[in-house]
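By letter and in written order, the chains are A, B, C and D; residue numbering begins at 1 in each of them.
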Amino acid sequence: MGLYEQIKESFDKQGLMHSLNAHLASVQDGEVKVACEFSAGVTQQDGYFHGGAITSILDSACGYAAWTKIPEGKEVLTVEFKVNFIKAAKANKIVAVGKVIHAGKTLMFCEGEVFDETETTVLAKMSTTMIVIAKSV
Amino acid sequence: MGLYEQIKESFDKQGLMHSLNAHLASVQDGEVKVACEFSAGVTQQDGYFHGGAITSILDSACGYAAWTKIPEGKEVLTVEFKVNFIKAAKANKIVAVGKVIHAGKTLMFCEGEVFDETETTVLAKMSTTMIVIAKSV
Amino acid sequence: MGLYEQIKESFDKQGLMHSLNAHLASVQDGEVKVACEFSAGVTQQDGYFHGGAITSILDSACGYAAWTKIPEGKEVLTVEFKVNFIKAAKANKIVAVGKVIHAGKTLMFCEGEVFDETETTVLAKMSTTMIVIAKSV
Amino acid sequence: MGLYEQIKESFDKQGLMHSLNAHLASVQDGEVKVACEFSAGVTQQDGYFHGGAITSILDSACGYAAWTKIPEGKEVLTVEFKVNFIKAAKANKIVAVGKVIHAGKTLMFCEGEVFDETETTVLAKMSTTMIVIAKSV
């Protein structure tokens, strides 16, 4: 099974991604994109994307970016992340791009950005630590 | 309208809280609780609560805790948060408790904790900065 | 050698603590205090404690708090930290209190607070991840 | 007085920068570099640069980068920062590069990187929120 297929299989098990109507947009070595169309189910009180929805797809994008760097039989879990919200997320669609900045044997440091549908305006940025562990059966 | 009712009205406009099946559990001066029952719609790939779902209810709990400290006609937005994930969130229910640690005129510093259904085991912790702005009409 | 002596020996090797004129104030299981008197060598541009000085003693306090929880032959390194600055640090002395919140085998999650000389007013808070590694010879 | 001179004057008032033997290396619109030669006064227990020293010059670099974007009569203070430590800082010299990512009227979001003397290997990264306030007299 190719890398995209492995990640797609895992992504599809994330019930939260279904609730958000998010999808795996692309998988490259060290970089994964997750996109999410606007819907009533992702909003905060003013009708924009909720910070929690933004963070959720950032977390998945960074986690799967880390996944592209690990040996078979391993998986990654999020240790911590920080998100800075830069602009109100008034958009028809948001795209999270997660990238591996440093891949250690035990820990990985990744960064992510969320763009609006133009993929040029940055709405939020994540920095995160992932830990590599043996895969749950 | 009392403080609980005001916050409940705003909370109910957060479509994301509906998607997660989360509810406003309590409102006190400087402290708000948001709870979320386990469902297939909140999971990560191993079937536990997704970090994004945990973060979403933490963000709402901290945001509404900040709300209890602001004058009428204002609202709060999240500037940034950091979450540390302490234990895998295998639970039937999670409860986020958001608290105001310091309330300035422009910025508020809040902290949140997510517990499992026993409300004693801490699964994750948030530290966050909120900004007070004029309410969107 | 007792725990205090071990930590004191390591602390004294931290040249930065000497530059800041900081000292190890107390060592308990899971909690360490580091104090720093005000001097011209710790200031920012307005003459208060610099955020970097505040962070430095927080980092040492949290690191040595983690140290109290590890087996012999190991040491801890800082993976990441976040600091929120709550009040301007106009004080004659600051005291950092670092505490272990969760001690895993590989990672530890700690929190720290910096107080002014009254030890009641919180000036800044840290949340941090430490990693347990084999001791450098 | 030009921008470099204004920032140099403020930088020179930071007693901590003197204690670390750090200097202002360059000032451009939205980007400031601060460098620090290795000395016994900046170390942690294994003789490398202490995370607190790394953070101190990152904070100053980001703060002065923000300063290049504010009107006269204002100054910036650090609200919060997060630092991820990527590699042990065994180096003869470290260079912090602070950059403004988004400049709002009240808040600025900046990022910083610390390099070793080659200015190619990243040792640590900062993400930080600054607030614009009226200058202290």
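Criterion: a residue touches a chain if its C-beta (ideal position, glycine included) is under 8 Å from a C-beta of that chain, and two chains touch if they have at least 3 such contacts.
Small disclaimer: the values here were computed from a predicted structure and weren't measured.
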{"item": "Same-interface partner of B-C, chosen from the options A-D, A-C or B-D, over half of the pairs matching", "value": "A-D"}
{"item": "Whole-Å separation of chain centres (CA-atom averages), subunit A against subunit D", "value": "29"}
{"item": "Centroid spacing, where centroids are CA-atom means, of subunit B and subunit D in whole angstrom", "value": "33"}
{"item": "Rounded Å distance between subunit C and subunit D, as computed from the means of their C-alpha atoms", "value": "21"}
{"item": "Numbers and ranges of subunit D residues touching at least 2 other chains", "value": "79-80, 82, 84, 129"}
{"item": "Arrangement of touching chains [line / ring / star / complete / other]", "value": "complete"}
{"item": "Subunit A contact footprint on subunit D (complex, rising order)", "value": "82, 84, 86-87, 101-102, 109, 111, 122, 125, 127, 129"}
{"item": "Partner subunit A, residues of subunit B touching it in the complex", "value": "10-11, 13-16, 18-20, 39-47, 50-53, 55-57, 59-60, 75, 77-85, 88, 136"}
{"item": "Of subunit D, residues touching subunit B in the complex", "value": "79-80, 82, 106-107, 129, 131"}
